[in-house]
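The structure follows.
First chain written, first letter: the chains are A, B, C and D, and each begins at residue 1.
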Amino acid sequence: MVHFPMAGLVVFPLLGALVSLALSQRWRTLMSFALILALLLNNALLLLQFYSQGMFNEAMGNWPAPLGIELRIDGLALIFSLMSAIVASICALYAYVYLRPAQLKLFWPFFWFLWVALNSIWLSSDLFNLYVGLELLSLAAVGLVALSRDALSLAAALRYLFAALLGSIGYLLGVALLYATYGTLSLVELSQHFSLTLSSSVALGFMFIGLLMKTAVFPMHSWLPPAHGGALTPVSALLSALVIKASFYIVLRLWTELSLDSAPTSAGLLMGILGSAAILWGGWMALHQTHLKLVVAYSTLAQIGYFMLIFPLLSDTNPHASHLAFQGGILMLLAHALAKAGMFLAAGNLLFCTGQKDLHSLAGLSRYRPLNIFAFGLAGVSIMGLPPSGGFNGKWLIIQSAMLQSQWQWVLVILLGSLLSAAYIFRVFSYTYQEVEGGDRFKQPSPLLEWSALSLSVLSILLGFASMLVLDLLPSHSVVTQ
Amino acid sequence: MSSYLIFAYGGVGLCGIGVFGFILHTHLLRRLIAFNLLGSGTFLILVGLSQSGRGEADYIPQALVLTGIVVAVAATALALVLIRRWAALTQHATLPEDQGPS
Amino acid sequence: MNELIDLTLVCILLGLASLSLFTQSLFRAVMFFILLGLILALVWIRLDAPDIALAEAAIGAGITGILLLDALAHLRATSNTPPQLRQLKQPRFWLALISGAGVILLLALAISEPLAPAVALDLQVSENLTNSGVTHPITAILLNFRSYDTLLEVAVLVLAALVAVTLRQSDEHPVVNEYLPNPLLHACLKLFFPMIFLVSMYLLWAGAAQPGGAFQAGAVLAAAFVLFYLVGLKTQLAQNDIYLKGGWIFGLALFVLVGSMPLLYGQPFLTYPDSQAGIFILLIELGLTLSIGWILFSMFLLSQSSPLQKKDSP
Amino acid sequence: MSLLAILQSFLLIAGALMFCIGSLGLIRFPDTYTRIHALTKADNLGLGLIVLALILNVESVALALKLLLIWGLVMIASALSGHLVAWEADEQCIPLCQPGETERHLESEDE
């Protein structure tokens, strides 16, 4: 039974996909929720197994790497798997209430394939397997965006699809060069032989460009706001919270496993500059949107920028500081996943109340739908990085690391970005506090919708108190410098 | 120069042309063709380059390319479905931002 | 001499690629692209990769070509602006040119470096081939050593078909079977159908020891289904949602089932029982062939049902 | 150089020439019907010559029969596809070009 929990992360969602395609409506829903429960349980088992035996690998088909594909559970993979389990199950609950039956019927298989792809990416330590996982993820995400079937979301889906395809090919080009140079696809084995020659730099360059395009880092971001802002609400939450994290996760994995922190600092600097531009540009654009969901989507752009600031701070000269930056980045990623999912769900509820997309229509909601505004606000606290929240702890660790390495420019960027995010979130609030005449003319979302949004927001705050619990899962010096 | 390497360079050319076309064209079908060229170029590099390192057929990259081709076809089919639906709804085969003043 | 052939092939390849991107007529562009696929099949032969050549001819050129042509017929009514290469002042052109040239330059630089692979993976493949249940290395890699990749890849295919269903118009009528009422076609196809199925199954069977396998066989099967449809034979099966989706997931379900069986015996996911790997691989491949054929066919079929409303004014 | 080799190269070159002529016809002939004529006739003959050349070289009868089978199948397929193209062209009332006339419908077809 030792092999069960790890394979379960892939098998259960695959079963979910099969079941949701094959069964009739009632059984589909029932089985889907049963499988979600099974997956949550599975994650808990895996956590226990990890506590008892630490990091472990498993060879698919009993063929060890480099010949076969090995899955790996380490702290990072486990954190991301737990994160996706929590966010996905709450989003599924939300979708079950929110979507119309015809939409729900199509939502389930896409949702399950998305989860398969996410888990396969978190676990994989094989370059080509990551490519297949990425493609599965992109196609599932594109399908989810196209779920609402109107012209706007179709355009968004097409834009997203083309960006994602180009990104995947960039990644695959890099894999091709790396395989030709080192003769292996296993990340572990690659890290043993890796040296930063011309061809491997070119390979990594292509891979990073492709992956960052899929993550929507600053100059390659234009596909994200319409896709995330225009999709159905539970889909937006899934995309913003989880999907963009997957390609970023691969960048992070490559960077740390191949010890790129000892590479010339220009690469890290470039990533930092892109990140800073994303923070400022995303914040600025979020401040000027008139649609609520676009505000939240642009806020995602800005948040991606913070993750990028990890890279200039990872260096082998100061292991302590770079470890702080790594921990801070992971916390930011987690906090963003919870908070952004909560924010999107809350925004969806607000839009449901008013029936309009415009920010002006929010007037009066604070008085009549305080619970939703509260959920939105709690998520906003974490996004802005106010204490006590996961977002605050993450930002604080990154700032600490930047100060220790006296890279003050990043501190400045983070402070500016926080100001911007405070501005765009309070701007939304200011609309809701406007008094309107005519009393309560808003629709009332079902309590399940309200509470699922609130629970995610609360979790993002709780993360602020439980940060150490999460960070303990990471190896004490995950950025090992050989 | 081994024939493997020649085709790897051919793949490089295909990639370049593919990227050029992908960025230049606004017509979605042409963009899709460009993506497929890019994919074929990548596959050629993958097989050609790793075989030129060994000097004989290497089955691992060949198997990877087989997987890659199927994935590319799936992506192409998906893109075509989207493009058609988009064209049916809007009578355009380009994205709104590329349509320009008309 | 051989280099001369290779160089000629590369030149044809690049020429066709440019033509397929930059001819004015979209129809010709698609034609050049299909032609490119056929030339690529030759190139794969020259690269000692007959499996890929088969797949490229059947899937890359064949299926992609059919889908592209089919889409083209539906896009006729859209405003088709031909590529404007002469607008040199457009920043987009310069961006494209710089990116294209940059990619070529970087890749060429990277390729020109001498290679010294540290790991000899192909040796490991040939060492473990006897335990894999098949004698053809590529089938061994695809369905045993790296079967996890293949599992996810089949999921990608199912997903693509799923999007096609998602976007089907809700108000549409059932597929009108617009078959070709040509007596000669019917007569010849009756002759050909058994042969096509035979070829498909042969490809599947041969995959264990020679080039071939589930994907090539599936593509051939899909072609047979499309021909079935064209001559107006019963394709009512595909109208039924249950059969349609059941056909898609059959292969994937079988794969998952066989793959997770060893979990109950305390072995890793996707492990085949000792000395019976060959049978299980054949079983999975059979399921995959049927599903792949069905998926590719239903892609074609589903696209038939959403004809483009003709524009009133040009 | 043996007699066999000379015969083989003769057949191969002749076959390739037939393909060239067929392709030339495809480019130069004025309308759909004559183009099909060029393609189906010349290419079948070309393939036949090449198959003959290859048969001279094979060891087993089975292989020779396989080559012949390929030829036969391709002939049926090309006859069928040629017929279908002509039939469809006829359905769409694409006119036959009269001598001295240049193609008209093709320009409109490409748009």
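Just so it is clear, contacts are C-beta pairs under 8 Å (C-beta built on N, C-alpha and C of every residue); 3 or more make two chains touch, one makes a residue touch a chain.
In this text, all values refer to a predicted model and were calculated from it rather than measured experimentally.
Q: Looking at A-B and C-D, which one has the bigger number of contacting C-beta pairs?
A: A-B
Q: Starting from the mean Cα coordinates of chain A and chain D, work out the distance between those two points in Å.
A: 57
Q: Using the average of all C-alpha atoms in each chain as its centre, how far is it in Å between chain C and chain D?
A: Each chain's C-alpha centroid was found; their separation is 27 Å.
Q: Taking the mean of the CA coordinates per chain, how far is chain A from chain C in Å?
A: 31
Q: Which residues belonging to chain B are in contact with no fewer than two other chains?
A: Expected reply: 15, 22, 45, 49-50, 52-53, 60, 64, 67, 71, 74-75, 78, 82-83, 85.
Q: If you look at chain A, which of its residues touch at least two other chains?
A: Residues 128, 132, 135, 139, 142-143, 146, 149, 154, 173, 177, 180, 183, 185.
Q: By residue number and range, which residues of chain C touch two or more other chains?
A: As it turns out, chain C has residues touching two or more other chains at 107, 111, 115-117, 121, 125, 146, 149, 153, 156, 159-160, 163, 167.
Q: What are all the touching pairs of chains?
A: A-B, A-C, B-C, C-D
Q: Quick check: in the complex, which residue numbers of chain A touch chain C?
A: Residue positions touching the partner: 1-4, 7, 10-11, 14-15, 17-18, 21-22, 58-63, 66-69, 102, 106, 109-110, 113, 116-117, 120, 128-129, 132-133, 135-136, 139-140, 142-143, 146-147, 149, 154, 173, 177, 180-185, 189, 193, 197-199, 202-203, 205-206.
Q: Could you pull out which chain D residues touch chain C in their complex?
A: 73, 76, 80, 83-84, 87-88, 109-111
Q: Mind listing the chain B positions that touch chain A in their complex?
A: 15, 22, 28, 31, 35, 38-39, 42, 45-46, 49-50, 52-53, 60-61, 64, 67-68, 71, 74-75, 78-79, 82-83, 85-86, 89-90, 95-96
Q: Using the touch definition up top, name the residues of chain B that touch chain C in the complex.
A: It comes out as residues 1, 3-10, 12-27, 29-30, 32-34, 36-37, 40, 43-45, 47-54, 56-60, 62-67, 69-78, 80-85, 87-88, 91-94, 102.
Q: Within the complex, which stretch of chain C touches chain D?
A: Residues in contact with chain D: 24-25, 27-28, 180, 182, 184-185, 188, 191-192, 195.
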